[in-house]
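Please find one structure pasted underneath; my questions will follow.
Letters are used for the chains, namely A, B, C, D, E and F, taken in the order the chains are written, and counting of residues starts over at 1 for each.
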Amino acid sequence: MIVEVIEEPVFYDGSQIDPLWAYKRYGVLGDSIIVFRGGMDIAEARMKDSEDVRGKTAITGDDVLHFIIERFDSPGNMFTSYLMQRLFVISAQAVLNMYGIETARSGDDLYVAEEKLTVSIATASITSEKIHLGMNVTTSGTPKNVAITSLTSFGIEPDESLSIGRDVAELFSREILDILKDVVKTRGS
Amino acid sequence: MIVEVIEEPVFYDGSQIDPLWAYKRYGVLGDSIIVFRGGMDIAEARMKDSEDVRGKTAITGDDVLHFIIERFDSPGNMFTSYLMQRLFVISAQAVLNMYGIETARSGDDLYVAEEKLTVSIATASITSEKIHLGMNVTTSGTPKNVAITSLTSFGIEPDESLSIGRDVAELFSREILDILKDVVKTRGS
Amino acid sequence: MIVEVIEEPVFYDGSQIDPLWAYKRYGVLGDSIIVFRGGMDIAEARMKDSEDVRGKTAITGDDVLHFIIERFDSPGNMFTSYLMQRLFVISAQAVLNMYGIETARSGDDLYVAEEKLTVSIATASITSEKIHLGMNVTTSGTPKNVAITSLTSFGIEPDESLSIGRDVAELFSREILDILKDVVKTRGS
Amino acid sequence: MIVEVIEEPVFYDGSQIDPLWAYKRYGVLGDSIIVFRGGMDIAEARMKDSEDVRGKTAITGDDVLHFIIERFDSPGNMFTSYLMQRLFVISAQAVLNMYGIETARSGDDLYVAEEKLTVSIATASITSEKIHLGMNVTTSGTPKNVAITSLTSFGIEPDESLSIGRDVAELFSREILDILKDVVKTRGS
Amino acid sequence: MIVEVIEEPVFYDGSQIDPLWAYKRYGVLGDSIIVFRGGMDIAEARMKDSEDVRGKTAITGDDVLHFIIERFDSPGNMFTSYLMQRLFVISAQAVLNMYGIETARSGDDLYVAEEKLTVSIATASITSEKIHLGMNVTTSGTPKNVAITSLTSFGIEPDESLSIGRDVAELFSREILDILKDVVKTRGS
Amino acid sequence: MIVEVIEEPVFYDGSQIDPLWAYKRYGVLGDSIIVFRGGMDIAEARMKDSEDVRGKTAITGDDVLHFIIERFDSPGNMFTSYLMQRLFVISAQAVLNMYGIETARSGDDLYVAEEKLTVSIATASITSEKIHLGMNVTTSGTPKNVAITSLTSFGIEPDESLSIGRDVAELFSREILDILKDVVKTRGS
């Protein structure tokens, strides 16, 4: 997977989960992980998780580290997309651990001491599977009704966040490559 | 997923990775994880990993804790099967951690201090995806040419291994259920 | 499949055929059959059957017994969806027969003495297969240009219709369960 | 679907369920229903239903009306194959009804007054979906441990059975054509 | 595949690439190639090739020979769609060759002496795969920033273009039939 | 696709069409085209084309240039495999043309003046799609009952054949890469 870290801020409004966004915005061709940082506010019409729509949950933040993963698979498969998402969250957890942040995972969410650090969604279309993970850099602008934490709460400098992002993306990229190598040497039954 | 722990010993010869084994042997209908304990020796003709065939790697052990996972999916998909396998290995790692055994994962293998604790394979057929994971209870009968470790090396009683097995199977079963709940509430794009 | 009978009236405007409607409206997670009763008028933009669009066919009724079936399958398959629809219509036919109403089936339509009793459509998306079947409770508000009949024409009380609906849903649900049991015990070839 | 009625007897040993049998034996290219008559005895190694293997059920008869259905679909899907099978059994039931034989269906079996008239299996491979249905012409040679009935028990002449077979095949063939016409005029969602 | 040549002019605005267009506009049921002639101007919102969107490429022409190919496949597959597109372009090349026009192919484009003769796109949806190929009849109205050529530049009468179109469609239709015949007589492995 | 040209002779007995052969024999991981030269004699049990089995056609030759193409796709698709095969034959035709050999294509066969130059088959399994093309280097050992030609009949030195092979493989490899680039920049519909 191509790993691309975008230095300038990009606001996440939910449209980045659409297929081909990495190509249309950055000319990236093929499976990729785009890492960027910016505010987040997702309009209800763009929410993929109907639980959020039902619960009228706000998904917001002023400074969030974002990951957009796209794997081309035609047609995409929702179960496969969520399996990859769980592995991606586990990669994030492993990297945070190296930076001294011990998290607990519940499904696709990471917590530190019952406080939520991340939001995530996976989806699929006729062309690809896509995953978004957002990790709070600060707690500014996050929803009031949930206990929230952020990277800076653990002594991470905001400017360091993109390099944490790159580490996560590269670890996951190696994981997928490792899986693909297993796939091409295994017999069916 | 149905979790079934088999009390009597079952020898693993590689035929258990065939589709429908859980039904044919135990009458288990549907997605399942069968946990059992027994010796292991896989004939080359049954090896799914062509790397083992190429390398003439022996896959043996006198006392191994086995997991056979089957997910019905017609047709099965090799990439999906390997994604599930990685998540299964991570579930095993989490449970071992609770029992005080700190492991390192490299692809689909678990190690303690560079010594190999597990073997694993994933595969797919027209009817299902299947995964095998074998975890050494003792090192007796394991290949001589690799550094091997086992549960008993860490103070686990051999008789305790099936209950570790049940914990792993149940943790993974909850993980998959959690994913399926996400799948049925997420919009495509 | 989860069978859910909605007591209050729900107007069918064609949006109920969209994926995840059962979850978004009723919190139902997973494969389901939602049974409800209410008026029906489908805007052309929501018609899935392009034959209706071409023919400018009105699909209307003031009192209709509705079934919305959703089977999660990513990606959904149109042929599979229509096979299930035919089986669903046959389940409806079997239940009506128990209530003393002898129908003839032509494709996905049920008739009594050349008068049309039902409308139906099947479709698929990246997340699921969906089926709608509407059965006239009365003929009020139905299109004038076709010979139409309804449950009340055969002595069924309007208030009885939801319980006929439940019977149909439960018969079909058992049929699918029975098929799934066959699937998980059959070898591929 | 091509309907081909074979006049000379063909013994059913289970190999006819393999993909491409209709082409290899009769040169039939494409989706087809082959109708023939002959004895039946299926070796365990060829049984697709693992329930039969588990139960050591004999599947035998001296004079059976056989149907072999093949639908090319690469890869084949087990659930789709079983949906078609149910519709095929329902077609058989409808034709028998025209011949004055009232049957009850339980899953994929037809009964008359608790006596079993048919056996059936569906399966799938990388190339196609296949279905076998066998309908007893006489009860000679059928298993002793189950109550069995046959076409001749209802006044059908053995020589008439192939023409009943043709009627069933043609009814099912029209059903599938009707479904395919719906498929190619329906919008996805 | 059904080949349908439309005598009256049809303007190509990009909506013809949507699934089911052949059925909705002409009542054509099933896999088809629709051949027509008319102007072309594709709104950005309808462009399938994100490269054109990125590059703000105009796709225009006053007199273009169009082909719309639809193959029903649920779900459709993007790779399969592009493989068919390449074969279609090669069919076009072969027919042009018979009319004395020697072209060079680069991907999915045909050129004569570095001048572009065609535009093409392939796509897929949950219901089908679709391909558009447009071949300039004249260069009038084509983009100014690329070297363009057209059928009339090689002595073809504009009125002849639809019959060239029919030849291309029929050649491709025979190619696909030939492939389908191979598919239904080949064993999987 | 990885292109690998094997210098030493390899006898083609039909087992090379099995999935993973390139990995098991040469350690090649991933999509690949293996080019080699050697005798050919395919046992009936290994013939994938049931037409050859039906016709008892011998597929033999003493000196043949072979191509084995594998594309990992789980599950593989027979139609996709044959589309690729046609494109591969067209690549071969283009390269032969550069070497001054004008061929005519009929389906998946290349002819020069009604004499057959090539044999080819495509197939699919749960893990991949595979294609074999054999091009006669000499006519020695080829079947007597068909008019056969070979590369040496057109002044090609036998030793030149592997480099023709490399050219064909590289042209096809670029074609597939070009298609994949289109796939990852095209929107679904």
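The criterion applied here is as follows: contacts are C-beta pairs under 8 Å (C-beta built on N, C-alpha and C of every residue); 3 or more make two chains touch, one makes a residue touch a chain.
Please read these numbers as outputs of a predicted model, since none were measured by experiment.
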{"item": "Labels of chains that are neighbours to chain B and to chain F", "value": "A, D"}
{"item": "Per Cα centroids, the chain farthest from chain A", "value": "D"}
{"item": "Same or different contact residues where chain F meets its copy chain D, judged by the half mark", "value": "different"}
{"item": "Whole-Å separation of chain centres (CA-atom averages), chain C against chain D", "value": "28"}
{"item": "Length of the line joining the C-alpha centres of chain A and chain E, rounded to whole Å", "value": "39"}
{"item": "Geometric centre distance via CA averages, chain E-chain B, whole Å", "value": "50"}
{"item": "In chain D, residues with contacts to at least two other chains", "value": "19-20, 23, 50, 74-79, 124-127, 180, 183, 185-189"}
{"item": "Chain-level touch network, classified as line, ring, star, complete or other", "value": "other"}
{"item": "Complete list of chain pairs which touch one another", "value": "A-B, A-C, A-E, A-F, B-C, B-D, B-F, C-D, C-E, D-E, D-F, E-F"}
{"item": "Interface residues, chain C side, partner chain B - complex", "value": "19-20, 23, 29-30, 72, 74, 125-127, 180-181, 183-189"}
{"item": "List of chain E residues in touch with chain F within their complex", "value": "17-19, 47-51, 76-80, 82-84, 86-87, 90, 107-108, 121-125, 130, 175, 178-180, 182-183, 185-189"}
{"item": "In the complex with chain C, residue positions of chain A that touch it", "value": "50, 53-54, 75-79, 124-126"}
{"item": "Touch list for chain B against partner chain D, complex", "value": "20, 23-24, 27, 74-75, 126-127"}
